[in-house]
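The following pair of complexes shares a single chain, chain A, combined with chain B in the former and chain C in the latter.
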Partner chain A sequence: MSDIPASALNAARYAGYVTVAEMGPQGMITIRGNLRSTRFRKAVADATGLTCPKQRRIERKGDIALAWMSPDELMVMCPHADAPALAGAVMAALEGMHSLVQVMSDARAMFSISGADAREVLAKLAPVDLSPDAFGPGDLRRTRLAQIAAAFWMEDTEEFRLICFRSVAGYAYGVLTNAARPGGEVGYF
Partner chain B sequence: MSTRLTRAGRLIDPTRPLEFRFNGKRLRGFAGDTLASALLANDQMLVGRSFKYHRPRGIVASGAEEPNALVNMGAEGRFEPNQRATTTELFDGLSATSQNHWPSLEYDIGAINTHLARFLPAGFYYKMFIHPRPFWKHVYEPFIRQSAGLGRAPKARDADRYEHFYAHVDLLIIGGGVAGLQAALTAGRAGRRVLVIEQTPHWGGRAPVDGGEIDGQPTEAWIGDALAALSEMANVTLRNRTMGAGIYDHGYALGYERVSDHAPDGGDAPRHRLWRIRARHILSATGAIERPLSFAGNDLPGVMLAAAMRDYLVDYGVSPGDRTVVVTNNDDAYRTAIALKEAGLEVPVIADARDHATGPLAERARGMGIRVETGMGIAAVKGGKRVTGVALCAQAGEGAAREYVACDAVAMSGGWSPVVHFWSHCGGKLTWDRAGAMFRPDADHPPTGQDGLPMVTAAGAANGAMMLDACMADAVAQARLATIAAGGKARKTAPPEVECAAEQAIEPVWIMPQGAPIEARSKMWLDFQNDVKVSDVQLAAREGYESVEHTKRYTTLGMATDQGKLSNINGLAVLSDALNAEIPATGTTTFRPPYTPISLASLGGEAHGELFQPIRKTPIHDWGDANGADWEPVGLWRRAYAYPRDGETVEQAVAREVTNTRENLGLLDASTLGKIIVQGPDAGRFLDMLYTNMMSTLKPGRCRYGLMCSENGFLIDDGVVARIDDQTFLCHTTTGGAERIHGHMEEWLQTEWWDWKVYTANVTEQFAQIAVVGPNARKLLEKLGGMDVSPEALPFMAWADGQIGGFDIRAYRISFSGELSYEIAVPASQGRAFWDALMTAGQEFGVMAYGTEALHIMRAEKGFIMIGDETDGTVIPQDLGLDWAISRKKDDYLGKRAQVRSFMANPERWKLVGLETLDGSVLPDGIYAVGQGRNANGQANVIGRVTSTYHSPTLNKGIAMGLIQRGPERMGEVVEFARTDGGRIPARIVSPVFLDPEGERQNV
Partner chain C sequence: MLVLTCPYCGVAAEETELHAGGEAHLKRFGPGASDEDFTGYLFGRENPKGVHFERWLHANGCGKWFHAARCTATLELFGTYSAQLTEPPEPIRKAISAKRPGWRWREFS
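And then the complex of A and B:
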C-alpha cells in the first residue's frame, strides 16, 4: 500500500483574485439515520465529540467536523487516516439503531476558496443566496456548481470549503479558478 | 448635414477624442459617444440597407429600439453582426461595417428590389414559392437562404469569456430613470435588499434631456442627489450597462451586463455577465418608447424620432440637420423644436396633425418664432439617400401637396408607448388608454407569482404616467406597493414637488394623411428593418388575416431584431382600422424575452472550451493519458477504448488486447462501474423487489448476477450483487447506471416503501476497481501475496476482503470475459498505486492493459448481454433468454406484472441469438433481418436486427448477436440482412455463446 494516499488533484492551488486550493486527502464518513431521534443524535455526538448540526449547518471542533447533508444524512470530516477508526466508533455507538455508516474519504475532493471576495466566486457558479446576511460561517448548502453536484460551507468570514465527487475534481477546479480570474471581479457583496 | 456642434453634449468629453473606422473610413468621435452619435457627428447619415428592398437607411432612434443602424462589429474572434450603433459605446479603435449591401453601402445592386416592391407584397414567399414543389428544395430555398439574414455569421471562435452571476434580492428594479431611482430610495430606506439595473451607462433616463424640476432643482441635480443617497445604502446595488432581459416564473429574472463591450482591451474582464436573479418582487421602471408617424418616405435617412433628435443634440452635441421640419400629433415634439432653435438651428415649420395646438410648449415655440401649422401633415418626404425636403398637406385630406419645404432632417413623433415588456413576460395584461393613445399595464390583471399575488409592479412612464409630475407621483405610489410586496414596510408619502410643462392631449394619427392613396401607403414604413409598410398590413387584412399574431407572421411585421419596438402599435392600429375593429379588440402580439437580443455566449457562461462539460476521470485516468489511451465517452466518464502502442491502429490494439488477455493477462480499469451499498433489516426484501431474481437468499461472501426492470417490465440495468453481511449488500451497476439506479432505489424507498428499513449509499467513487483477467491472473495476485486467492478459498462468484501487495482490498471472483478473473476494489486514493503495482509485478506474466472495446468483444464471444446494446428500453429479460435469472418463487418484483401481459408473452417476439455470416465477415451494426413479403407501406417485412457485432480475434471471424423473431427456435437457419445499398447478407442463426460454453476457462 502506498503510504501517501493520493487526492484527485495533488493539492493544486491557484491564486486569482480569490485563492482556490485542493486540500489533499480528507477523511469523510457518511452517516444515515433518523436525525429526529434524540438517541441517534446523542450517539453521533458522543462518538464524534460534536453536537448534531441543525439543517444546512456544520459543527467543527479542531480537525473534526460534523455536517448536515439531508434530513436523514450527516457527514463527519476528520484526518484521512482516522476515518476507518472513527467510522468504527460511530458504528459501535449506533449499534441497535437502523443506520448506515460508510467511509467515503476517497469518493470526494475538497477545495478551499478563500479571500475577501470568496462569496463572489461561488455566486458565479451556484444558485445560492450568498449575501452575508443569508450565508455566514457554519452555514452549509448542498447545491450545484455549474454542471456538477457540490456542497459547500463557510469556514470563516473569508473562506469556504467545497466538496464534490472525486471524478469531477478537475472540472470543479476548472470552473472555480476560471471564476477567480482577475478581471472578473463583480463587486456585489 | 449632420454635424457636431461647438456646444458640448451632456455625456461626451470633448477633451478625449477617439478614433474609429466605419466601412474602413477613419472617423473621429469623443469619449461618451455612442457609435450612432459619432457617425452622425461625421455626417454619416446612411448606415445600412433594409432587409427586403435594400433601401438606404439612417439612424432613426437613440436607444434599444433602433431598427436601422445595425452593424458588423470587430473582426476575427471578436466579430459580431447586428450590433446596434445606438447602444454601442464608442471606444478607441472601434471598427464597424454596414450590413446587407453589395457591392457597397452607397451603390447597392439589391436596391433594385425597391422598384420591384409591387411584386414583393406581404406573404410573397408563401405565394410565390409553393409551386412547382421540387423547386423549393433545389431552387427557391438556396436562393432565399443566400439573400436572407442581415449580418454575416462569425467564422472564428469567440475570443472572449463570459460568466453568470446569481443574485438574490427582495426587490429588483429594472430601469434606472427617475422613476426607478425614486423606487430604489423608497425600498432602500425600508431596508430591503434592492438591485437596480440600467441598460445604458447613465442614470436618470431621459429626464435631463426633457427638462423640468424635481424638489426645486433641475432633474440632473436631483438624479445626482438620489445616486449619492443610494450609494450610501449598503442594501442597495446599482448596476449600469445591465439590461433587464426577461422575467420568468417564481421571481426569476435575467439581467444582461455588458461588462467590457465598451472597453474591449481593458484586461481579462468577461465580455458579458448574465445575472440570474431571484427577486421577491420586481418593479419595472422601463420608461417609454416614441412611435414613428406613418407618412410616405418616413424611412429616408434624415427622418428621425423627435426625442432621439433631442437626445443627440443635448447628450452628444450633435445636430442631425441644419433645417429640421418637425411633424407631430402631440406636444412632446415641440421640445425638440425648441431645443433645435435654442441650439441656433433652423426649424422651418412644425406640422401638427391636431386641429389646434395651444399648450404651453406650442405657445413657447410660437414665441420663439417657430411657424406652427395645425391640421397639417407630411404628404411625402423628398430625397434619395437623405432628406432634401417635405411636401406638406392637410392631415384630413388625401395628400394634395399644399407646400414644399426644403429641409435636411425631419423629426417625427406619433406619441409614446410604455415599455410594457417586463409587465407582460409573465402574463400581465394590458389596457388601452384612449386618452393617451397607448397600451399600458392593467393594474387589475398583473402577472402573478406562485402565491397568486402580483409579482411585478410597473412605475412611471412604463406604467403610462408620461408627464414628469405624474411619473414621479406614480413612482412614489408604486414604490410603496413594491416595497410592501418585497416584504418591507413603507408609509404613504407625498410625491416630490415637480415642475414641468402641462401638455395638450395627443390626437392618435396612424396614417398621414388620413386618406392617403395606395401609392403613398406603399411608401409608409411600419417596420423599417423588415420593410413592412402600411399597404402590406392592409393587404393582409383584405386577404383574411384578422389575428394580429397571424398578420405578424404573414407580413413579418415586428419580426426583425428590434422585435417591433417601433412598429408594433402602429401596425396593429393600421390592422384594426383595416378590420374596422377597435384597437383593444385587435390586441398586441406577445412580448417575449429577451427584451433585446443578448449574446448566446452569455447564456452559455463559462461552459465553453475545456469547461464545456464536466469530464469524469477515474483515479487511473492519468496512466491512460500517459500510455496512449484512445478515449471514448461513456456518460460523462472518459474510458479507454484501447491503448494503441507505437505504430498500431486502434483496431490492431484491440485485437492485441483481446488475445493477450485470453492467453496471458489483462488489466481493465473498471472503476466507473456503479457501486451502491444497500443496508438495513429490509435490504434483502428490497432487493428482491428491485431485481428479477432472488437476492435475499444470497449468502454473505457470495455474488450473484442480477437484472433490474422498470415497472413496465423492460430491462433497465444489470450487474453483480455481493452480500457483505446479513444486512448489507453491494450492488454493482453499469457505468452509466450508477446515479440513475441510485435515484431509482431512493425513489422507491421514499415514495412507496417508506416504512422499510433500508439505507443506500452510492460508493462508486470511493473505490478504484481493477479487473485482473486471464490465465495468469491468479499467478500475479499470488506473487504480490497477502491473501488466499485459490479456487478453494475464493471460488467463482465469491468475494473476500484482504490484502494484496500490502494494499487493503476487496476481491470479487467474477468474470465478464469468460476468463479467470478477479475484480479488485481499493480505496480510490490507492487506485493508481495499486494499478502500478499490478503492472510492475505482472510484467513476467505478460500483463497489458485492455480497453472497453476488448471488454466488449470478450463478453460478446461469451454471449453476455450489454445494457444499451442488447437492450434499448423495449427489451425484456425473456427476450434475451435470461429466464434463468427470473425467480418464479417470488410473489412480486418490479416488472413482473408487465411481463405477463399478452404482448410481452407473445411467442413471436424477437429473441436473442448468435449470428454468423457464411463467409466469416462482420455484419454491419444495427442491420435489419428481412423476412417474406412486404408490409402495408410496401416495405420489406423485418424479422429482427443485429444488436452487437465484432470481429473476434479469438475465433478469427465475425460474430454477432441479434434479436430475431422466434430466434431460438430457428437454430441453424440462414436469414438475410438487408444492406442500405439494396444488397443482402446471409447469416446463420447460432448459439450466442461462441466461446467456452461450459465455462471451463473461468472456473479454474
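And then the complex of A and C:
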C-alpha cells in the first residue's frame, strides 16, 4: 500500500472542443447540521474563513471553497493534505451543536470542464437550464449527469467543476469526453 | 413531462431528477390496529383521474422528500410543499380550488 493519495483516474485529461480533466486528489469535507441556525453558520464561517453560502451557491477564497449541498449539508473543498486538519478545526468550532463533520476526500472524483463551450457539454448531459442568465459563476447544482448523480458549479465564465462518486468516475469521464468530442458542437449558448 | 419545484432546494426539477414515492398523507396503522385498518394502510390507495397528492424524492439533487399536488389527467402541477406536513397547506388547497372547484381527495377538499 502506498501512502500517496491517488485519484480515481490519475488526473486523466482530454482535449476536445472543451477540455475535460480529472483533477487528481482533492480534499472534501462533509458538514451536516442546521443551516438555519445563525450560530451554526457563524461557527462554520469562522473555521473555514468563508461566508456560509446561500442556497445553491459556492463560496471560494484561495484554495478553499464552501458549497451548499442541501438545507442541512455543506461541503468544503480544499487541498487533499489540508482536509484532516481543517475538519478538526470545523469540528472544534461546532462543539456542542448537533452536527457531523467527516473527511470524504477519497469518496469522490472531481473534474474540470473548461472552454468557451463548457456550458454546452454539461447541457447535453444534465436536465439543467445552463443559459448564462440562469447559471453563472458561483452557482451550484446537484443533479443527474446522464445516468449518475453529480454536482457541478461554475468557477468562472468558462470553467465548471464537477464532482461524482469515485466508483462512477470512469462513467462520468466517458460521458463528458464523448460530449466534448470535436464535431459535437451545437452552438446553442 | 413533469417539472416539480423542490421546496428544499428551490430547483425546478425535471422528472428524471426525481423519484416517485407513491401516495401522500397515508396514516400508518401498526400493531394493535384492526385488520380492516391495517389492510387499508397496506393496500388501499387512491387512483383518481384528477387531483392527486404524492410524495416525491429529489434523488438526483438535495436528497429530500417532499409533497406534490397535481392533476393525473393533465399533469398540471398545483404546488409542492414540505414533507413534514400531515395535510395539504391552505395555499395549495386554494390553488387547487381555483382550477378544480369542488375537488375532493380522501378527507381533504
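A few remarks follow.
Convention: the second predicted complex is superposed on the first by the 187 of 189 C-alpha atoms of A that agree within 3 Å, B and C clash if a C-alpha of one lies under 4 Å from a C-alpha of the other, contacts with A are read in each partner's own complex, and residues count from 1 in each chain.
As a working rule, a contact is a pair of C-beta atoms (placed from the backbone, for glycine too) under 8 Å apart; a residue touches a chain by one contact, two chains touch by 3 or more.
Keep in mind that what you see is a predicted model, and the values were worked out from it rather than measured.
Of the two partner chains placed by the overlay, neither chain B nor chain C lies in contact with A:Lys42.
When chain A is checked against chain B and against chain C, the one touching more of its residues turns out to be B. Contact with both chain B and chain C is seen for A:Pro127 once the two complexes are overlaid on the shared chain. Look at A:Val186: by the touch rule set out above, it reaches chain B but stays clear of chain C. After overlaying the two complexes on the shared chain, residue contacts for A:Thr143 are found with chain C alone; chain B is out of touch.
In the superposed model, A:Val103 lies in contact with chain B only, and not with chain C. Of the two partner chains, chain C is the only one touched by A:Ser70; chain B is not. By the touch criterion defined above, A:Lys61 lies against neither chain B nor chain C after alignment on the C-alpha atoms of chain A. In the superposition on chain A, the residues of chain A touched by chain B in one structure and by chain C in the other are 127. Within the complex formed with chain A, the residues of chain C that make contact are 8-11, 13-14, 16-17, 59-64. Against chain B, in their complex, chain A makes its touches with residues 1-2, 5-8, 25, 30, 32-33, 72, 80, 98-100, 102-108, 120, 123-131, 134, 146-148, 165-168, 170-171, 174-175, 178-179, 181-184, 186, 188.
Per the touch definition, chain A reaches chain C in the complex via residues 55-56, 69-71, 73, 127, 141-144, 149.
Interface residues of chain B, counted against chain A in their complex, comprise 161, 163-168, 193, 237, 267-270, 273, 276, 278, 605-607, 610-611, 613-619, 636-637, 677, 679-681, 757, 759-761, 763-767, 803, 805-808, 827-833.
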